[in-house]
Structure formats: structure tokens, C-alpha cells
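After this come two complexes, each holding chain A, first together with chain B and then together with chain C.
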Partner chain A sequence: MGLFSRFERAIDDGIGRRKLGYALLALVIVFFLWFPNDTSQSNYAKTVFISGFFYAIMSSSWALLAGIAGQFSFGHMAFMGIGAYVAGLIARDGLMFATLGIAITPDSISSIGAIVIGTVVAGLVGLVIGWLLLRLRAAYLALFTIAFSELFRIAMLTEYDYTGGSNGLSLRPLLQVADVDTARQIEYYLMFGLLIACLLVMYRVVQSPIGMFLRAMREDEDAASALGVNVVRYKILVFVFTSMIVGLAGAIFYSDVGSERIIPEQLEVLQMSLIIAYAVIGGMESLFGAAAGAFISRYLLEAMREVVITLPFGLTMADGSDAFVWETGAWRFALFGLVMVFTLRYMRNGLLYPIFNWFSGRDLIMKETVAKRKPDEHDMALPEDRDE
Partner chain B sequence: MSEINLELNRIAKRFGGNQAVDHVSFSVTEPQLIGMIGPNGAGKTTLTNLMSGMLKPSSGTIYLNGRRIDGRAPYDVTRAGLGRTFQITRALNRMTVMENMMVPGLAHEPGARQSDLEERARQILSLLTIDHLTNEFSRALSGGQRKLLELGRLLMLDPSVIILDEPFAGVHPRLQETIYNYIHRVHEDGKAIILISHNMGAVFELSQRLIVLNFGALIADGEPQQVKNDPAVIDAYLGHDEDD
Partner chain C sequence: MKGKSTLASLVVLLALVALLPFSVIHADGHCEFADEAIKIGGLVPLSAPGSVAGGVAMSWAFNRAVDDINADCGVQIGGQNHRLQIVIGDSEGSPERGQAVVERFILEDEVHAVSGVYHSAVGLATMGILDANGIPTVFSEPWNDNVSANGIMEYDGRPPRNADGVDHIFRISPASSMVGGVVVDWLLAEGVDNVVIIAENTDYGQPAAADEKARFEAAGATVTQINVELGTEDFVPILSRIQASATVPDVVRILVTGETSYNLTQQMAELGIAPTVDTICVTNQFAFQSEQYWENVPDGNYCTFNRVGIIPSLFSDIAVGLNADYFEEFEDIIPSFAMASYDALHILADGMERAGTISDGAAIVAAIETTDLELSQGRYYFNYGNHNDSMPADDGMPDYFWHQWPDPVVTMMQYFEQGQSSLDAAVIFPEVYQTHGTGYMAPGEMP
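On to the complex of A and B.
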């Protein structure tokens, strides 16, 4: 018996996989809670983590929308942008609906108020887009959302009098803390807390009957609907829900929490593709897989900006240094692309899937059912074919 | 016993120049076992789609238990009490057999306890002899097993009228036996069944009433023996059958 299966046995007989999984998860959370208190860590490292949390929210909510509900949308970044831009514009210019008697002046609105409005507007646009997408599936849905996303980006780029064009738009800072170190610490906990909150809410949805209806819709809309699932409602619901999550995340992140301004470049299709890539690598049908995929990818991409190789055998470079510094600025994306290709070809469920699967004990159930699948009477049934 | 009252009034459907369903009227008012036959392209599946809300009729009305259901969304028709299977099976592939059962279960009874629904699902699966596949992904099922799963899913909805579109197509005789049992059980449960099939043996053995479609029109509706001897039916359809 191999070392690993012996280890497996020991775990199964002892603490059990699920409990071990929860214990490790708790450790991970403790690590993240402790991290900003490690005085040896620079503010830069914290910034990398903060943006990692932000991208984890983006990828995991996209996993809910595309991996679980089957709506392969490229509009996710645009909804994030709507949240951020609306929050920024409202806080700067206010809003007037004279006929409705609504008047929000820049003085009367707090940055939290602006973030809430940004989130609600992202949800409302999600409602409209979800409705427009009702009859579109697969490739058509993807194309439509690319068009929508580009439309929004170009509008933000072009209306520079309002949006600052390619220079971007500064949102009203959410925090007013003078000390940089303290500020970074608060921002860190804020973004981490938001990630955990989003994951918990999404996880509850996925575990509820709604999660099952969303997956049924992904598999076959007509069949789901014949089985009593109100497909229209859930399709719109999932768009509104995920749009609000990323709208909120965007509005907070760009309120000087993770970044001091939102720029249209951030809304390019390439950026959206990265969100998708993180989710795919982590596992697009798993919220936690996608979140971890995004965080780890962001971290590695950051860490691989340059690779320092210490030369062996006392060799030295021409300049006399004993290390070869490889500028990998662009190459790291190539490597990343390679990882994605590998994932799609060999591990469709994501690189982290086997790990989650192992801890959840799902692969135990699988093994059991596969073993049970001895040839029986039904295997004599002919495959689906034409009548008569 | 649940109320049964399905009523089609001059239901018609045109696809371009093709009159796929031609002003069909009939009603079902008791838990009957009704066979529906007709040559390929006669409009049986289209009529099923019209009744189940997958298609909107060009004209005509359908009432189910007092509610007008034509043109309503399929999920709404399902909730009104009409369930159907698909001629080409549509399993929710990357969901387990149990999940395939739970989707209609939870959609039909949102307030029900998960464990109660699971218990009921297990009973149905064992009636259909596929309980050993409960945790299997449904994409791993054979064609015949998928048929059984579709039949099982329907029962989770507790419909008053069930339309089975070609349940015997491509299934082994032994499995056909299982489907017979299912149909008898469901019928005894007080549900009306509309059985669409090209398998004349099964249709005549099971049906208490026979509806014949030809070129979208209803050309006969009555007792199987009577319909069998109807000249129009023999001409259109049964004439080529060696059944006496």
C-alpha cells in the first residue's frame, strides 16, 4: 500500500476528511487574519493581498454566474465598473431627479451612501441585461456581453468631461486615516471581510434549492423548465445578484481601499479574460476553488515579476554579480496561459478540484458507485436511437 | 384523488407553411390511459409541446383543471399539474440521479423537508429499478436508464396528467417491462396518461382510449377496438400493420 493511501486510511479512521478540511480552512483564515500584524511584511505585500481578495470576489462570483448557473458572461468587469463609476460620480456630482423630488447633493451623501447607490445601480443594470439575455445562450450570450462591456468601457473613455477618460475617476475615499500603516491594515481587513462575507452569502445560495435550480438551468433550460423551475426568474436573479456583488466590490475597492481610481483600461476584455482564467484554473464550478485560483494566481503573477536565479559553481555574470535576474514581466503571462491550457485539457474542473473533492469525501462516494456499477440487466438496454 | 380536466379547443400550430397541428380538440376528464398514435411527422410531439407550454399555439385554447394553460411558461403548466417526458431524453447530465429527482421535488414543494423528498425519490428510483445509480452522474446512464430517470422525475411533480413521448423507443424488452409496471402504477394512482408510441403492441395492450393524428389533424378518438377498424385510420396508418 502506497504512502498516500496509508495516510488516507489514517485520516478516514481518525479525524475524518471533512473535519481535517475545516481545520485546514480555519488555519488559512487565521493566517490571513494574522498576516497584516506581521511587522516584517511591507505595505506592498499587504497591497498585493488586498487586490488578491478583490480578484477572488470577482472570480468566485463569476464562477457562480458561469460555472454554476451556466451564463458565460463577459460583462462581469463592466458591472464592477458600473458600481465604481456610479459611486464616484454620485459622490462628486450628486444626482437630481427634480420631477421625482430626489436630490442628492455631494455634501449630503457619504461615501458609504455612494457605494450603496453604485451597488444598487449595478443590480438594476444586471436586471436589464439579464432580461435582454433571456433568449440567448452560450456563444451568443458571450458575444452580447462582450458588446455590452465594450460599450460601457468606451462610454467611460469618451465622456472624459465626466469620467476623466483614460485618466480614470477618483472615488471619494472610504476611509480617512492619516497614518499609512494603519490605513493599509484597515483596508486589508475590510477587503478580506468583504471576501469572506461574499463567499458565505454565495455559498448559502449555492447550497440552497436555488443553487440546484441554477445548475439544472445550466444543464438544460428546457428540461429544467419542464420540471417546474422558473428559468426566467432564476436567470435574472443570478445576473442581479452577481452584478450587485461585483458592483459593491468595485465601489469599495476603488474608494481608495485597494486602488485610488478606476480607469477604463480595467474594463478591457483582456482584464475580463483574466478573471475567467483565474476561475478556470481554480475550478469554475466551485466558489472556493475560483476564489483560491484568483488569489494564488494574483500572488504568483506578482511574485514572478522577476526571477532571480543564483548561479552555481561560483559562476558570475558579466557585471560581477552571482545571480541572474530574469525580467519576466511579460513571460509570466505566457506561463499563466500555459497553465490555463493544461487545466482545460487535463483538469477541466480546475487544479484545486481534486483537493476539494478529497476533503469533501465526494470522491469516496464516486469510488463506491463506480465499483458498484457492475454490468447488470439495464446495461443490455440499447443506446438511445431512432424509433423503431 | 386529484381532479382531472384537460380540455383542448381547436388547438392549431403552423410552422411557416406547414400546419403541424390542425385544430385539434379533445378532452380528458378521468384517469384514463390514452394512446396517441400517428405516422412520423403527424404532430404528436408538437401537440405535446403545445400542451406543456414549450410552444405557443397559433390559435385555440387549452384548459387544465379550470386554468387556462396555453401560452403559459412550461414551469407554470407543470405546476398546474401537467408533466411530460421528452422524445429525446433530457437528463441533467452533470447532476447526480438524486439531484435530477430533487430539482422537480423542490420546485414542486419548496417548503418540503429535504429528507422527505429524498425518501420519496428513493422509493420511485427503486420502483424503476435504478436505485443503485442514485449517486451516479446522470451522464453516466445508458439510454434506457435515462428514460427511466425521466419517468421518475415526473412523479416528483405529482402531476394529474402525464404525457409520455415515446417511452419505449430504444429500450430492451426487459426494461420495457419495467416501464409497463410504471405506467400501471401511475394509472392506479389516479393520474391520466397520454402515451405516444409507435409500438402498436404496447399501445393496444395498455390503452383504454386511442387518439389518432394524421397530418396534424385528429382523425379518430375512441375505444381502441373501434378505432382500429375505422376506415380512415386503416387508410392513414394501420393499413400497413400486420396486426389483425
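On to the complex of A and C.
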């Protein structure tokens, strides 16, 4: 019996895989909670983590939309942008509905109020887009959302009087903390908390009957409809829900939590393709897989800007340094592409799928199912004997 | 047996040869360097959505400046030579990434100064962090007026950087308004009254058109603006509108970039709209790439165009050497932002040397404010800073002149021979830079 098999047996006989998984998950959460208190880490490391949390929200919500509900949309970054731009513009210029007698002035609205409005507007636009998408499927849906995304980006680019064009729009800072270290710590916990909250809410949805309907829609929309699933309702629902999540994440992230301004280039299809790539690498049918894929990818892309190889035996370079710096910055996206190709070819459920599968115990169920379907050797050898 | 030992010897020999580059070499021939090197962060775009070509050129210029300064025994402070070291960071043209890289520069790489920045959005997003951390910075390419103006005026709710008495941000690239102003000033001096602006529908074309339109209208000129999409190939319907108008325009100003600008200029010339005796053609600065221009715009003789950065005919010895090396590497004339990046490192090194410190940001800033250096783009100095009691407004100057090199070269050039190299084209404005002793030449005229 192999070492891993013995380890598996020991876990199965002992704590159990699922419990071990929960224990490890708890450890990961504890690590993230402790990380900002590690005095050896600079604010830069926290900034990289904050960015990782943001992209984890983006990828996991896209996984819900595309991987679980089967709505392959390219409009995710646009909805994020709607949340951020609306929050920024409302906080700067206010808003007036003369006919309704509602006037929101920049002085009367807080940063949180602006973020809430940005989130609601992202949801409302998601509602309209979701309604328009009712009859679109597969490639048409993707094409429509690409067009919508580009439309929004170009609008933000050309309406420079309001949006700042390519110079970007600076959002009102969410936090007003003078001390940079304290501010970064709060920003870290804020973004991490938002990620956990979003994951829990999305997980709850996926585990509910709605999640079953969404998966049914993904597998066969017509069959789901024939079995009584209100496809129209759930399509719109998932669109609005994910639009609001990314709208909220965008409005918070660009309120000087992760970045002090948003630019239209952030909404390009290229950026959207990165979100998709993170989800694919992590596992687009798993919220946690997609989130972990995004976080790890962001971290590695940052770490791979340069690789430092310390020389052994007291050797030094010509300039006196004892390390060889390999500039991998220009190549890191190429390497990322290779990982993506490998994933799509050999591990379509994502690189993290086998790990999640193992901890969930699903692989045991699969093995058992396959074993039951397989005729045993006795059946194969002596078919006549069975009659006796 | 003998064969095996020979093979082993060969392997050992090869291994030793391979290790040679790592051998202990510390001194650079004639220079003895102090242990502490001066680290300068070079913030440039090296991946999409940033302008990678711009970032590569700027990185090249930084490395070239570092080589030159170190060959001259680095930066001399307190009788010691400090080696200069550039740490390149990829901003990706994104404010978010730019902010993260600047934090890495400051907290992990522990840089003493920063230079670079191609995209204005990155400059606007990072200048506050750099200033708050006391990092002397010389930006070499962002154009947005507020990059320097925020030194003394509030911008986007952020207080003036100089409110605490020290502003660590300098800029040696032109402010947007400085570029737009040259074209309009020249055309107004030529007496134009009826202007047609054809602008691309992008963040470059629209703000530039709005700025120039406002300047023309302030001077009493009539402006008609036509917007076009990048990538359009057939401009005849648009140009026919100009032909059909009752009055012949005095000038057609093209604010369109790339291949599209070539198509538009050629079709305009073919239709006889401009350049003509009555109508001046002002095409985009892409016309400076003369080989591409003549290939695509064979009828574009006598068109004018603006150029940002010093013109080849005015290159100093430093610029000639720099341009030659750049041409060898990229087979093109060196762009202004590469020259500015090269110069920025020299300005920082000079500031540290005169301040006698590599870590006292305020002292280095005070030294940079009194810079007087002749480099590849000309003589560098800063009129407005804490060394000068007058503010820009006191002298009737815009706020963006604060910590801004006042003399970035922005010129108007004109081809006057078919197939002419841009190295031989005439500089016609401002007068001080004229190369052929003449201003604008109507079609048929010669210098």
C-alpha cells in the first residue's frame, strides 16, 4: 500500500476528510486574520493581499454566474466599473431627480451612501441586461456582454468632462485614517471581510434550491424549463445578484481601499479575460476554487515580477551583489498562459479541483459508484454460473 | 577508463568557465564604490493595458543613464562614490498597479528616489504616496496639468502637496496645456480665422480638441469640429462636407493618431482640401516618422505637424550619442520620453550630489529646485519652487508651472520636399527654433 493510500486510510478512519478540510480552512482564515499583525510584513504585502481579495470576489462571482449558472458573460468588469463610477460621481457631483423632488448633494451623502447607490445602480443595470439576455444563449450572450462592456468603457473614456477619461476618476476615500499603517490594516480587514461575506452569501445561494435550479439551467436549459424551473426568473436573478456583488466590490476597492482611482482601461476585455482565467485555473464550478485561483494567481503574478537567485559558495556578481536577479516580469503572463493551457487540456475542473474533491470525500463516492457499475471478474469469467 | 577521466576533466573545466561571470569583481576599473548603492525606482508600463513600447524605451534610457553615471564613478557624496542602481517596476499603465509598485519601491526595495511614469493616471495616483513618504521624484512623461499643479493647488479633494513646506514631485515632460498652446499660438500668429478640427473619438482626441477649440474661440476664431472613429478608412463623406461649406477653411487641424491619421491626411490632400494656398494642413505628430508618412501620404508635401521633444537638428552631443545608441537598439529616432527619462536620472543624481545626501528627501528637493544642468533635451531648471518667493500666479503663469521644467521643446515642423526625411524638415515655430530661417511655407514656396 502506498504512502498516500495509508495516509488516506488513516484520515478516513480518524478525523475524516471533511473535518480535516474544515480544520485546514479554519487555519487558512486564521492565517489571513493574523497576517496584517506580522510586523515583518510591509504595507506592500498587505496591498498585494488586498488586491488578491478583490480579484477573488470578482472570480468567484463570475464562477457563480458562468460556472454554476452557465451564463457565460464578459460583462463582469463593466458591472464592477458601474459600481465604482457611480459611487465616485455621486460623491463628487451629487444627483438630482427634479420630478421626484430628490436631491442628493455631495455634502449630504457619505462615502458609504455613495457605495450603496453604486451597488444598487449596478444591480439595476444588471436587471436590464438580464432582461435583454433572456433569449440569448452561449456565444450570443458572450458577444452581447462584450459589446455592452466595450460600450461602457468607451462611454467612460470619451465623457472625460465627467469621468476624467483615461486620467481616471478619483473616488472619495472610504476611510479617513491619518496613520498609513493603521489605514492599511483596516483596508486589509475590510476587503478580507467583504470576500468572506460574499463567499458565504454565494455559497448559501448555491446550496439552496436556487443553486440546484441554476445548475439545472447550466446542464440543459430546455430540460430545466420543462421540469418547471422558471429559467427567465433565475437568469435575471443571478445576473442582478452577481452584478451587485461586483458593483459593491468595485465601489469599495476604488474608494482608496485598493486604489485611489479607476480608469476605463481597467474595464477592457483583456482584464475580463484575466478574471475568467483565474476562475478557470482555480475551478470555475467552485466558488472557493475560483476565489483561491484568483488570489494565488494574483500573488504569483506579483511575486514573479523578478526572481532572485542567491549565489552559493560566497560567489558574487560583477557588481558585488551575491544574488542573480532574473527579470521575469515580461514573461510572467506567458507562463500564466501556459498554466491556463495545461489546465484546460488536462484539468478542466481547475487545478484545485482534486484537492477540494478529496477533502469533500466526493472522490470516494465516485470510486464507489464506478466500482458498482463495473462487472466483477467472476461475472466476466463465468456468465453461465450465475444462472445456477 | 582514460575516456571517462577525460570526460570528467572536461565537465569540471566547463563548470569553471560557466562560473566565471560570478567571480568576485567589485571595483569598476578606475572607480572605488562605497558599499551603499543609490537605488532609484523606475516606474514604467511594461504590460497591457499600459503602453509597453513607451515603457521599454524608458527602461532602456534609465539603464543607459545608470551606465553613464556609474562609468563616471557614480554619485559623489562626502568623498565617497555611490553606485547608482535602477529598480524597474511595471505599472501596467494602471493606477492600482502603479500604487502597489510604488509601495514596493519604498517599503521593500527601499529606493532613494523615483522617476518615470508614462500614463498620467498613474502619475496622479502615485504622486501623493511618493510625496507623503518623502521620496524625491522626477516624472519624465505624464502630461496632465495637475501632476505639477497639485503641488500648490487642491486637486480631487487632495490638499496641495507643498502645504507642509516640501513638495517632492517634479516634472520635466510638458503639461498638456503647453503642447496644445504651441499649435494654437502658431496658427493664430498666422492669422487663421476659420478653423476645422477633425478629432478622433478617444481620450486623446476629444480633450485635445476641446482645449484647442477653447483657445481658438477665445481669440475670436470660428471653429468647426468633426469627430471620427479610429480605424475609419474612407473619409470622403466627411471631407466632402468641408468642400461643400460656403467658406474655405484657413486650416484643417487633424487630431487623429496612427494609420488613421495617414489615411485622413492623404485623402484630404488628394481632394485638394489641404495643404493649399488658402488652407494650412496641420496633421498629427505621427508625421514625424517620415518613412511611414511618405509611404502612406505621398501627396502630403507642405503639411505641418507638431513635435514634442527636441528636434534632431538641435541635438546636443549628449543627444546625438543617446540617439545613435537608441537607433542601434530600436532602429528609430529616440522619443522625447526616453530622453527625458535619461535626463531625469541625471537630475536626481545631481540633486543628491549637491545636497550631499542620498536619504534626506527635503534637502534633495531643495537642491533639485536650484538645478542648472545641460542634458540631452537642453538646459534644465525650475522657476517655481520653495527657492522662489513668487508663485506662478504672481507672474501670470498657470499653476502647473510649479516644479515644472518650463522649456520642454514643442515645435511646429513642415515638410517642403516630397519624400523628405523628418531630420531635414523645417522647424517653423517657435521662431527661436527655426532651422531654415523661415516660418510657414505655402505650397510651392521654398526656404
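What we mean here is this: the second predicted complex is superposed on the first by the 360 of 388 C-alpha atoms of A that agree within 3 Å, B and C clash if a C-alpha of one lies under 4 Å from a C-alpha of the other, contacts with A are read in each partner's own complex, and residues count from 1 in each chain.
The rule is simple: a residue touches a chain if its C-beta (ideal position, glycine included) is under 8 Å from a C-beta of that chain, and two chains touch if they have at least 3 such contacts.
Note that the structure is predicted; figures quoted are calculated from it, not measured.
A.B. asks: After the superposition on A, what does A:A216 contact: first (chain B), second (chain C), both or neither?
C.D. replies: first
A.B. asks: In the overlaid three-chain picture, which partner chain does A:F333 touch, first (chain B) or second (chain C), both, or neither?
C.D. replies: second
A.B. asks: Quick one: classify A:D107 as touching chain B (first), chain C (second), both or neither.
C.D. replies: Touch partners of A:D107: none, neither chain B nor chain C.
A.B. asks: Quick one: classify A:D13 as touching chain B (first), chain C (second), both or neither.
C.D. replies: neither
A.B. asks: In the superposed arrangement, does A:S225 touch chain B (first), chain C (second), both or neither?
C.D. replies: After superposition on chain A, A:S225 lies in contact with chain B alone.
A.B. asks: Applying the document's contact rule, which stretches of chain A touch chain B when the two form their complex?
C.D. replies: Spelled out, the residues of chain A in touch with chain B are 209, 212-213, 215-216, 218-220, 222-232, 365-366, 368-369, 372-373, 376-388.
A.B. asks: Quick one: which bits of chain A touch chain C in the complex? Just the residue numbers, please.
C.D. replies: Of all residues in chain A, those touching chain C are 42-44, 47-48, 51, 157-158, 160, 165-168, 170, 172, 180, 258-266, 268, 270-271, 302, 305, 311, 315-320, 324, 327, 329-330, 333.
A.B. asks: In their complex, what parts of chain C are in touch with chain A?
C.D. replies: On the chain C side, the touching residues are 19, 21-26, 33, 46-49, 83, 88-90, 93-96, 99-100, 103-104, 106-108, 119-121, 124-125, 128, 132, 144, 156-158, 201-204, 206-207.
A.B. asks: Note which residues of chain B are touching chain A in the complex, please.
C.D. replies: The touching residues are 40, 52, 54, 73-76, 78-79, 83-84, 86, 88-95, 99, 102-104, 106-108, 110, 129-130, 132-133, 135-136, 140, 142-146, 148, 153, 157, 166, 169-172, 174-175, 198-199.
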